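Below you'll find the structure I mean.
The letters A, B, C, D and E name the chains in turn, as written, and every chain counts its residues from 1.
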C-alpha cells in the first residue's frame, strides 16, 4: 500500500511545480487545490483523519475559494502576466535548488530519529486530537480567537472602501518626502 | 486500522522529510520566481503545507497528537494570514492599481 | 494571565465604543484606563511555575517587568494617539483595538513556555501590525509598507514553522523544558535536524528583531507606516521580540549548539555594521530611526549572546529606555513634520532651539540617550551590554561594538546639530498639552532612569 | 654675619625696586626724575657692594691671620640663603646668594660701571619720549646681572643669565618701530637661548651627578671626578656653549654687532662691560670643573682664538663707529677665552675688569660723538672733532691707548698677562694672540684718527656733550689708565693682588702657576710694545691726514671685500638656518599635518561614510530582491552553520 | 569638607540651571562670575583645610549601581586638589572674558560655561572610575554647544569631528575601565583606589595600555592624535578655546596619572619610550609648525600642543621630578594659555582679526596692552622666575633620568618657543604704526583679567613650594604603586 505514498508524493510535487509555472492565476489555483488534496491524502496515510478533514475544509474549502474570489474581484485572470527577467527567474530556480540541495545534503547521512517502539493507532483520530486540543492546548485555542478577531477587523477595515472625504493627512506629503529621501 | 499503521511503518520517515523539503523549496522558488503577488501568496501557502505535512508525519511517528494540534493551529493562522493578506492585496490594488511585486519600490534607501 | 484576558476584553470594548459615532474622544482615555488596569494586573500575575494553560505560559519577574513596561509604553502611545488620531475620521477604534491585540501578542512572547505559544504570540503580534502598517488607506506608501511587511513576514514565518517542525520531530515536544532536556542529553552530538530546526527558528526571530540579513522590511515599513504605528513597532514590538529571543537563546533553557552560536555572532556583527553604517547616510528621520533600531538590535543581540546572568534585566533596561527615547522622538517628529507640512527630512528640526528651547533640549536628551552619552539611561544600557560581554570574555567583539557605538553617535549628532542650528524660515512647532506630557515623561524618564536606575535593575 | 646677609639682599633689591617703581609710574614721572632715581638705586647697591667688599676683605685678612672664628671653614665664601626655591623629593634648590671674591669683583664692576652709565644716560636719553621705560629696563638689567654674579647656585645664576638676555632683547629693540632693530633684538635673544640650551642641559646633568647645584658643594664634589672623563667633558662643553651664546663667540657671535641697534649706553653697559662677560664669569665660576676637562680647555682656546682673529679682521673694515667697537669687543672676549683656555683664569678676569673700564669708556665716548653729531655713526662722515669735543677726544684717546695696550695703561697689563700665558703654551699661539692685539691697535687707531683727526667731513654741527655725560667719561678714563695696578705682575714689582684675591674664590685660579724666566718676559714685552708702536705709525700715516671721503668697498679686492662683508657669515646663517627653518615649518604644516596626519583621520571618516553610502544602495526597495536577499542570507548562514557543525 | 566638595560641584550646576530658566541676559555674566568666584573661594577653603599628608580624602560616598560597580564617590588628594584649584582659578577669568566677547544670548553661554565647570569639578573629584567616566563625557556636551553655536566658520564640520574623535577615545576608555574592573577579584569595587591595586598579566597590559591611554592621548592631545585640535581651537569662540586649552586638556594628563600609570604599569614600562618619543616629537613638531602660523589663535593652539607634548613625556618618566613637574606645569600652562587667549581675543575685538599679517605696530597706540602681552609671553617661554620655568626644570630633570637625549630634545623646545613667541610678538605689537583708526589701549577689564594671571605666574614662579608640597605625598604614593607592580 505504501506505493500510495509515492503516488501522492509525485502528484503533490508535480502540481506544486505547476502552481509555480502556470501562466494564468486560475490554473495555479487549480493546481494548488490538487496539491492540497494530495496532501490530504498523505494525512490519511498518516492516520491523521481529523487533519485531513480540517485540511480539506480550511484550505480547499475556504482559502482557495478566497483566492479565486479575489482573483475574480480584481479580475487578474490575464494570462499575460509580465514575467521577471530571465536572469531573475534562473536565479530563483537556482536559489530554490541550492536550498533544497543544502537541506538534503545536510540530512544525507540519516536524520537521526530512532523509529519508536510501537505506533499508537489511535493518535490522529478525532478523539485523541480533540481531547488534547481541549485539555493541553486550551489556552492557545482561546488565544487564537484574538488572532481571528484582529484578522477580521483588518480584513473589514482594509477591504471596505474608504469613504472619508479628504485624503488622509500626509498622503501627498509622503510622496514629497520621497523626493527628499532619495 | 492496522494496515494504516503498517503503511506508516512501511514508509520511512526520511521520505516524508524529503517530500516536505521539496515542497518547501518549490514554494520558495515560486515566491522568488513570480511577480504576481497572488501566486506568491499561494507559494507561501504551499510552504506552510509542506511544514504541516512534516509535522503530521512526525506526530504520527512519535505517536503524539500535539504535532497534529500544532498543524491545526498553523491552519488557523494561515487562514487568518491569507485573509489579511488578500485584504491588503485588495487595498494595494486600489492604491497602486497593480499587484505586480516589482511595482512596489517607492520606499527605498 | 488576567492581564492578557483584560487586554483582549479591552480590545473588544474599544471596538464596541467605536461603533458609536461620536465616541471617538473616549477611545484614548478608556484605552489608557484599561492599560493602567493591565499594568496593575501584571503584578498580580506572579505565580510559581508551571503556571498557566498546562505550563504554556509562565510569568517570572522578567516577563512581568517586560509586560508592565510594554503596557506603559503603549499607554504613552495612546496618549500620543489621542492627538495623532484627532484628525482621522474612520477606524480609529479599530486602530486602538489592533494596538491592544498586538500588545496582547507581545505578552505571550514575554512568557511563553512552549513553541506553540511563541508561534501564536508572534502571529498575534504581527497580524495586527500588518494591518496597522496599512493604516493610511489612501496612501501609496502606507499600502506598500503594509504589503512588504506582510509578505516578508509570512515568508519568515514559513521558515520559523519549518524550524519548529524539525525541532519537534527530533525532540518530540514543543515544550521548552523538554527540548532543553533533549539538547542537554544530546549535547556535542552531530544532531543535524535539531541544528537545522533551531537555525530556522532563529531565522524567524531574527526577522522579527530585524537582524541582518532579515532586516530589509524594517526601513521601508518604518517609513511607510503611520508614525504612531512606527513608534509602536520600534518600541513595544522590539521589547516583545527581544524578550522572546532572550528566553529562547539568552537563557540556558536550551543550550545552543556552538555552530549556531557562531552563526548568531556573525549575524550580530552584520547587524551592527549595516545598522550603523547605513544610518550614517540617512536624511529621512524615520529611516534613520529604522537603521538605528537595527543597530540597537545588534547591541541587544550582543547582550543576548553574552549569556550573562544579568542579561535579562539588562535587556529589559535597554529596550525600555530605548523605547522611551524612541516614543518621545517620534512624537517630536510628528510635531515638526506638521510644522514643515509633512516633510520628514531631518532638516525639519532646524531652528527648533530658537522657537521651542525646552522641546529642543528634550530632543537632545532623548538623542543623547540613544547615542549612549552619560548621564542618560542610554549610556547605562550600552554600558551594561559592554560590561556583560567583557565579563564573559568577548573582548574583541566588544571592542568592535564600541567602535560601532562611536559611529552610531555620529548620526544622532547630525540630528542634534540640526535641532540646534538656527534656521532662516521660522517654522514654529505647535505643541499641545498631551504631547507635551508624553515628551516630558519620556525625557524625564530617560534622565531619571539614567541617574537612578536601581528601580529597573 | 647678619649684616652681610642684609647687605647682600639689598644689593640686587635696590635696582629691582627701582625698575618696578619706575615701570609702574612710567606714565607720571617727568623729566630726569626717572634717570636720577634709577642712578640712585644703582649707586646705592654699589655702596652696599663696596661695604660688603671691605667687610669681606677684613674677614679674609683676619682669617688669613687665623684670628677670625666665625668665618665659614672655606673662608672666603659666604652663602646667603633666602628661602627654598624648588624642593622636590631629593632635589633642594635654595634661593641663595654667594658672597666671595669673584662675585664681589663682578658686583663692583656691574654696579660701579653701571652707575656711571646710568648717570651718562640721563644726559644721553633725555630727549627720548620713553626715557622712563628705558631707565626701568636699565635697572632691571642691573638686577638681573647682579642675580647672575651673586647666584649661590647655578640655577640662581641661570635666573640672571636669562634675565640679562631678556633685558638685552628689550633694550636692543628699544626703538621698536624700526623693523631692523626688532630683528636684531630677536636674533640676539634666540642666539642667547641656543646658548642657554647648552647651559640648562649642563645644569640638569650636574644636578643628576651631584644632587645639588650649590657652587661650594659642586666644587668639593668635583674633586671626585676623574680628569677628562666623558661626563666632565660633556658638561663643561655644554657650559661653554652657554658661554658662547652670552659672550658672542663663534659660531653665535653675529648677534652682538647687530645689537648695536640699541641706544649707545646700552651697548656700553650690556654689550661691552657686563653681560657679554658673563660667559667668562661662568667659566671662572666653574673653573673647578673645567680644569678637569683638558679637551674642553683646548676647545675654549681654539674657539676664542678663531673668534678673536676673525672679528678683529672684520673690525678693520667697519665704518660704523659702534660696529667697530662691537667687533673689537668680540675679539677682546675672544682673547679672554684664549686666556681661559690656557688656564689663566685670573688674567681673564683681570682683562674682564680692565676691558669693562676702557670699553665702556670707548662706547660712551662714541655715544658722546654720535650725540655731538646728532646721530651720525659713519666714521667716514666724521673727522677733526678733536678741536670741537675736547673732553670726549681726550677720554677717547685714553681708552684707545688702554685697549691698545700702551705700557702703563691698564690694557697693557691685562693683555700682557694673556700674551705671556700664550707664549708659555706655545710661541705660535703667542704670535697669533699678538696678531690679534695688533689688529686691535690698528683698527682702534684708524677709528681714532678718522674720527678726531683730519678735517670734518660731515654736515651736522658738532658740539660737546653736557657735563652729566662727560663726567662719567672722565672717571672711566681715569680708571682705564690706572686699572692696571689691580693686578700688577711681580715683574713690575706688583703682587698680582687680584689673582690672589680671586684665588680665594675659584680653585682654577688658586691652581694657576706661571714660571717664565724674567728675561723672556722682558723680551716679549719689548716685542709687543715695539710692534704696537709700528702699527700706530702705520695707521697714523694712512688715516690721520684724511680730508676726503675715500670711496670704500667698490674696488676692494675679493679678499678685502670678503672681510668687509663680515666673511658673509650672516648671509651664510640666513641661507643655512633661518630660511630652511621657515620653509620646513610651512612644509610640515602643509604636507605632514594637513595631508598625512589630518588626512589619515579624515580618510578614515570619509571611508566610513562612503561605505555607508554603498551599503545604503542595497535597500533597493524591490520586494523580490528582498526575498531573494533573505533566501541567499539564509542559505549562506545555513552553509556556515552546517560547515562549522 | 564633604559639604564643600559637594557644593563646589553643585553650585555651578544650579547656577547654570537658574541662568537657563530665568534667562537674565543682562546680569547673566555677573551671576556666572559670582558663582565661579564662590567656587574659587570653596577651592581655596578646601586647600586650606587639607592636610598634605592625609592622602586621599573621601568626602562623600554613596551607592549608585552596585551591580555594575558604579558608586558615587567624591574625594580628593593633592593631585585632585591641584586640578580643582586650577579649574577654580581659571574659570572666573574665562567668565570675565565674556565682558569683551559680546556673544549672543549671554545667559545661555554662561550657563554652558558653568555646566562645564561643574562637570570638570566632577571629573577631578570623582574617585570612582565609572563616575569619572560619566563626568568625563558629560563635560563634552556643553562644550559641544559652545562650539556649534558660537564657533567660527566651518564650525559644523569641525565640531562634529572633534566630538566624534574625543568620544571614540572616551568609549575606548570605558571599555578599558570595564575590562580592568573585571580583572579585580570579587568583591569588586571600581573606586579608583581599589582599581589602582588591580593586577593584570603583563602581556594583557601591553594592549590594555593603549586602550586606556588612547582617550587621554586624544584629549591632551598627544602627537599624532592632535589633528582635531588646531582647527577646533581656531574655530571655537574665545571662551570655548579657553576651556579646552585651559582645563579640558588637563583631563588627559590627570587621567593618565589616575588610571594609565597605576593600572597598567607594565604596559607603561613597555611603551614608555614610544610614548615619550612621540610626545617629544610632537612637542618639537608643534613648536616648529607654530612658527609659520599666520593666525595668532592658531599659533597659540600649536604652542599649547608643544607644551603639552613636553608634559606628557614627563609624565611617563616614572620619577618624582618628572611627574611633579608635569603636574605642576598643568597649572602654569592653564594660566598662561588663558591669558594668551584673552589677549588674542582682545586683539580681535580691537582690529577685527587674528591674522598676524594684518597686525603690527600696535605698541604705538596700545603700549600697556603690548606690555601685558610681553609679560604673558615671558611666562609662555618659561623665563626663570615665571611658573613655567620651575615646571620645565623639573621635567627636564625627570627626563634626564631616562635618557639625556630626551632632555636634549625637550630643551630644544624652549628655543623653538622663544622663536615663535617672539616672532608673534614682533609681528603683532612691534613695528611702525600702521593703523589709521584709533585703537583702544588696555582698559580696566583687561587689567582685571590679565594682571592677576600674570601676578600668579610670577608669584608661583618665585615661590612654587605651596604647590609642590601639595604634590609631594601623592606622587610618592603613585610611584610606590608603579614600582611595586613591577
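Note that in this section a residue touches a chain if its C-beta (ideal position, glycine included) is under 8 Å from a C-beta of that chain, and two chains touch if they have at least 3 such contacts.
Keep in mind that this is a model prediction, so the values were computed, not measured.
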item	value
Relative to chain B, chain with the most remote C-alpha centre	D
Pair sharing more residue contacts (C-beta pairs) when A-B is set against C-D	A-B
Longest centre-to-centre distance from chain C, chain (CA-based)	D
Per-chain Cα centre nearest the global Cα centre, belonging to chain	E
Chain A-chain E separation of Cα centroids, rounded to whole Å	68
Rounded Å distance between chain A and chain C, as computed from the means of their C-alpha atoms	28
Computed distance of Cα centres, chain D from chain A, in Å	101
Set of chain C residues in contact with two or more other chains	116, 120, 123, 127, 130-131, 134, 137-141, 146-148, 151, 155, 169, 190, 192, 196, 219-220, 223-224, 287
Chain A, residues touching no fewer than two other chains	84, 88, 91-92, 95, 99, 103, 106-107, 111, 113, 136-137, 140, 144, 147, 151, 154, 157-158, 175, 178, 181
Shared interface positions of chain E, touching two or more other chains	164
Chain-to-chain touches, reported pairwise for every pair that qualifies	A-B, A-C, A-D, B-C, B-D, C-D, C-E, D-E
Of chain C, residues touching chain E in the complex	310, 368, 373-375, 379-380, 383-384, 386-387, 390-391, 395, 398-399, 402-403, 405-406, 409-410, 413-414, 417, 420-421, 453-454, 457
Parts of chain A lying in touch with chain D, wherever the complex brings them together	84, 88, 91-92, 95, 98-99, 102-103, 105-106
Touch list for chain A against partner chain C, complex	103, 106-107, 111-113, 135-140, 143-147, 149-151, 153-154, 156-158, 162-165, 167-178, 180-181
Touching residues (chain side chain C, partner chain D) in the complex	147-148, 151-152, 155-156, 159, 190, 192, 195-196, 199, 203, 207, 212-214, 216-217, 219-220, 257-260, 262-263, 266-267, 273-274, 277-282, 407
Complex contact set, residues of chain D against chain C	608-609, 611-613, 615-616, 618-619, 621, 623, 626-627, 629-630, 632-634, 637-638, 640-642, 644-645
